[in-house]
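Quick heads-up: structures coming right below.
Same chain, two partners: chain A is paired with chain B first, then with chain C.
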Partner chain A sequence: MKQTLYKKRINRSLVGDLGIFVFLGAGAAFTALPLVFAVSNAFKPLNELFLFPPQFFVRNPTLQNFADLFTLMGQSWIPMTRYISNSLLIIILGMAGNLFFGSLAAYALSKHDFFGKQTINALIVLSLMFAPAVLRIPNYLTIAFLGWIDTYWAVIVPAWSSTLGLYLLRNFMNAMVPIDLLESARLDGASEFCIYWNIVMPIVKPAWLTLIILTFQQLWGLTGGEYIYSESLKPLPYALDQIVKGGVARQGVGSAAALIMMIVPIIVFIINQSKIVETMSTSGIK
Partner chain B sequence: MRAEAIMTRDKPGFWQRVANRFAAEWRRSKTSYAFIAPFMILFTVFSVVPVLVSIALSFTYFNTLQPPQWVGIDNYIRLFLDDDIFLIAVKNTFIFAAVTGPLSYFLCFIMAWLINELQPKVRAVLTLLLYAPSISGNAYMIWLYMFSGDMYGYLNGLLLNWGIIDKPIQWLIDPEYMMPIVIIVTLWMSLGTSFLAFIAGLQGMDHTLFEAGAIDGVKNRWQELWYITLPSMREYLMFGAIVTITNSFAAAGQITALVGYPSTDYAVHTVMQHLQDYGGIRYEMGYASTIAVVLFFSMVGAQQIVQKLLAKLGN
Partner chain C sequence: MKLPKLGLTTKKSLKGYLYVSPFLIGFFAFFLIPLIQTVVFSLSELKIVTTGYTITPVGLDNYNTALFVDPDFVPTLTNTVINTLIDIPAILIFSFFIAVVLNQKFRGRTLARLIFFLPVILTSGVVAQMEINDVMNQALVQDAEFMLGGQHFVSFLLGLNLPPAFVQYIVTVVDRIGPVIEASAIPILIFLAGLQSIPPDLYEVADVEGITGWEKFWMITFPLVSPMILTNAIFIIINSFTSPRNEMVRFIGENTWSRGGYGVSAAMALLYFLSIGAILALVVLVTSRRVVYLE
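Take a look at the complex of A and B:
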């Protein structure tokens, strides 16, 4: 029984292990509430949704909410597939650029030695602590100046400059990548790009898998806001929001849409977390 | 004259020397500069310049319609001497950050550390459940039902049933309860970015260290944590610290969602809410920028303290 729950290490007490399991279980039961609530809500018929106080668990589960949602999605003026592909394009390009430019710079800032490195590292940490709320107007003016208003670029390119991602990757490179390994690769004649791509990035896989989760979540929630006006360029969350806001009777559709909005990041989360596990089991070879 | 020519050749002028140094540095570090260039251009355009613009705006009156007017340090004087609500916000933010910052940081680490030893599948499920409040959009909405002020709210219903209270408590309106509730909900949703970073960091740790430690006489998990795990986690801990500091000093979203804006008697009014009030509602961008600058320096101060503490780890 114990063997199925965790890997036994030599200096561990059974009581401690059990205590920890109970503690984690209790914590998880507490934090899982919104998941349970969202799933249960999505299957509630309208009369249960309007109960107050809301019942935690659904009594007469129905698929009607999903059926209504798909009917409404089919009736939308711009086909739903267009919104979905807009979202996919923004997420894939935004994530790829953020990962590539961020990790390339993180490698140089972590392992190279050049003039200005300390200053840049300090600036990056400082920039994380400036309230983004007051940067919206300067950023809007920049994007307008570049002529990107009402294009995908207005949301994709700012995502590339996310300093949190670079800072995460740089710190992981500082901690995980031994400098000797890079030196021996250099002696073997490997180019810097080759070292970055073939040695450093595989080692810090847990870091960029985590970054993908965070970036995905952030980009998935984007509605286009003040930057994208054209209906045909809007991402999916905007379209779902419009459907849900169609009236008070859309409460059921809303709870189905909320579940869909939640399921997608959860799938990405599970895939990425399970890949982090793979790294662990293969890193022993190193 | 000849001697002079030799002198100047041997000793190039100041600017010449600077230029030579730069040229040599450029030749040596070309690859490094090429690697950071794309990011640095984006970083300069979307972060550095806007921050500098904001700092400049903090010395102006700017209503976003007319050009900014220079007012010197008037905004700063007004903020500290005339704005009573700002001083309340500073006090609340300080209490809020002093409680939620260290506690949520500790929670993120301890949970990630405990979860790390479980079998991969069990761990993946538990990670998801613990991270759930961060992944499910406006998850704090369920707390509105929990703390609803009438007798149908979950908590009031329960307490009335058990006879502990005889009339419903206005949890989200009574200043006496608002701060603790906001803190509890924030801690509940605190297993976010830092938590994931700690998990990834622990996964990437060299397992031979633990085995060697066990042989060298590390008796239990707590000793292992103190002597082996923590010292090699410094980089991840610093990352987590920055995230935690920004979250606890700039808290606003969940507070507005729970107790509305403004809260009764400004009982949980925070600096960030004050900033959003001036930036997003009153369109006084100059004054909002002043608040952002002050908030920025308090975060930098907190970060410096944490950095000093983390440097002591394991030494």
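Take a look at the complex of A and C:
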């Protein structure tokens, strides 16, 4: 019954629907193309990979590239599981810290008044403006000063103070969390932390789920680069990168590794987005 | 132990600081101190010696070199700024539109969202370094040129009696459609999160009152998501100016080790920083006056 009511109200023409569909389709084709290419590349035998001009679709699909990749991974000096657990540790700790500290600060900056708040707000936007690449040398000096070179902390702790998350969460809290709701919670005797954790965070759940995707994406790509030297502390992308850079003959292995590097964020994205749908029904404020 | 009696405002203030402090510590260590160091470097000559580095103050020499001696700095800067200014409205409109469409309930919605997020996955980190990316980019460019076949498109637009300046803008945007779609990936997600934070009861009320979809969009969706327009505008500017693929960022990076040395590149970075700040201020001013709805 309700369904039919809705249907009547949506007064959109069929032509408009079609137009939107075509537009979306064109955009989707444009962005999906590289993925299709990457997938088909991963299944190409070596002789097809070197064809010029490159062929879009694979003609004789083979699993040889993956077999080679796993063989090479099995032969590495440090066991692959070690690289994987390094990556997991960095991602989980980095993400959790960034989310917790960022949202806590965002809550205070959005819903509390205190001296110096405007200055901090301004500093946050300023910090976003500075390209991370430019601060590389001073950052290295700071981390060296703290004695964190060649430890996990060198990559985890800077992730905690990344301002993008704080900025996003603060703006969402400004826009979406009504101050009356917090006032009434205070009257009922809720503690500040309780308000933050039980009221504000659930309301901005779509925002921090989005932030999780972005942070994951950032941390997943980390190779440890200039901060981590010990082979046994390096994350997975570094290991894959090394295998791939073994020469021209590793082209096939490279496409297989690239596919693995893409699949993981894709899975995270899908799980994450399915969580957002749930919040739609629960985020209502009465 | 008994704490001294504090006024209510002071207590509130302290609590605020307590919540912000973990973040502030990190912020000072990883942003503010490096920033001050960069300012110092930009005013001096830096030499690497065996024990570390030495700095000799040289005044504004480095700034002089960046602005008036280096032949590439100013043109690269203006180029980057102009390109970004062209992209901002296009990215905003495109990502808002896509987000509204992707927020509706339909089959395969997650897949559709994923597809628009793909550019972020494909262009970041290790995937981007791997060689297949070159081939992919070539394929993409050809693809775009094929879809929007150049000259015919222009004459079609002019045939519609549109003002030439507008046509010029459209054509420029179409030229950059690849980068625009790529840059829209994260703004789409932010808009989506904004759309999903709108309390559903508002729509229920609207349904009861018998409002059309068109009115719903302009009277509920748009005003409530409009703060996100400003958020996104700032994000887009920052993202495009600081991405490692930005012309200017690469230029400064290369400069660190080759041409002018660290002092000059620090000066360039600060000049670049200032110009981003100016653009940001301008955009915030324009957007917050025009678009944003505040209670």
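Here, the second predicted complex is superposed on the first by the 271 of 286 C-alpha atoms of A that agree within 3 Å, B and C clash if a C-alpha of one lies under 4 Å from a C-alpha of the other, contacts with A are read in each partner's own complex, and residues count from 1 in each chain.
Just so it is clear, a residue touches a chain if its C-beta (ideal position, glycine included) is under 8 Å from a C-beta of that chain, and two chains touch if they have at least 3 such contacts.
Keep in mind the model is a prediction, meaning the values are calculated, not measured.
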{"item": "Combined model on chain A: chain C and chain B, fit or clash", "value": "clash"}
{"item": "First (chain B), second (chain C), both or neither touched by A:L24", "value": "both"}
{"item": "First, second, both or neither for A:I120, with chain B first and chain C second", "value": "both"}
{"item": "Which of chain B and chain C A:L222 touches, first, second, both or neither", "value": "second"}
{"item": "Touched partner set for A:G16, first chain B, second chain C, both or neither", "value": "first"}
{"item": "First (chain B), second (chain C), both or neither touched by A:L240", "value": "second"}
{"item": "First, second, both or neither for A:I149, with chain B first and chain C second", "value": "neither"}
{"item": "Partner chain in contact with A:A257 - chain B first, chain C second, else both or neither", "value": "second"}
{"item": "Chain C collision site on chain B, chosen from 1-9, 163-171 or 217-225, when both complexes are overlaid on chain A", "value": "217-225"}
{"item": "Touching both chain B and chain C, residues of chain A", "value": "5-6, 9-12, 20, 24, 27-28, 30-35, 37-38, 54, 101-102, 104-105, 107-109, 112-115, 117, 120, 123-131, 133-135, 137-139, 142, 157-158, 160-161, 163-164, 166-168, 171-172, 174-176, 192, 196, 203-204, 206-207, 209-210, 213-214, 217, 221, 258, 261-262, 265-266, 269-270, 273-274, 276, 279-280, 283-284"}
{"item": "Interface residues, chain A side, partner chain C - complex", "value": "5-6, 9-12, 20, 24, 26-28, 30-35, 37-38, 41, 54, 56, 101-102, 104-105, 107-109, 112-115, 117, 120, 123-135, 137-139, 141-142, 146, 157-158, 160-161, 163-164, 166-168, 171-172, 174-176, 192, 196, 203-204, 206-207, 209-210, 213-214, 217-218, 220-223, 237, 240-241, 244, 251, 254-255, 257-258, 261-262, 265-266, 269-270, 273-274, 276, 279-281, 283-286"}
{"item": "Residues of chain C that touch chain A when the two form their complex", "value": "12-20, 22-27, 29-35, 37-38, 41, 98, 101, 110, 112-122, 124-127, 129-132, 135-136, 139-140, 143-144, 147, 177-178, 181-182, 185-186, 189-190, 192-194, 196-197, 199-201, 207, 210, 212-214, 224, 227-228, 230-231, 234-235, 238, 241-242, 244, 246, 249, 252-253, 256, 262, 266, 269, 272-273, 276-277, 280"}
{"item": "Chain B residues within the chain A interface of the complex", "value": "22, 25, 28-29, 31-33, 35-36, 38-40, 42-43, 45-51, 53-54, 57, 64, 111, 114-115, 117-120, 122-124, 126-137, 139, 141-142, 145, 148, 152-154, 157, 188-189, 191, 193, 196-197, 199-201, 203-204, 207, 210, 214, 218-221, 223-224, 232-236, 238-239, 242-243, 245-246, 249-250, 272, 275-276, 279-280, 285, 288-289, 291-292, 295-296, 299-300, 303"}
{"item": "Residue ranges of chain A in contact with chain B within the complex", "value": "4-7, 9-13, 16, 20, 23-25, 27-35, 37-38, 52-54, 101-102, 104-105, 107-109, 112-115, 117, 120, 123-131, 133-135, 137-139, 142, 157-158, 160-161, 163-164, 166-168, 171-172, 174-176, 192, 196, 203-204, 206-207, 209-210, 213-214, 217, 221, 258, 261-262, 265-266, 269-270, 273-274, 276-277, 279-280, 283-284"}
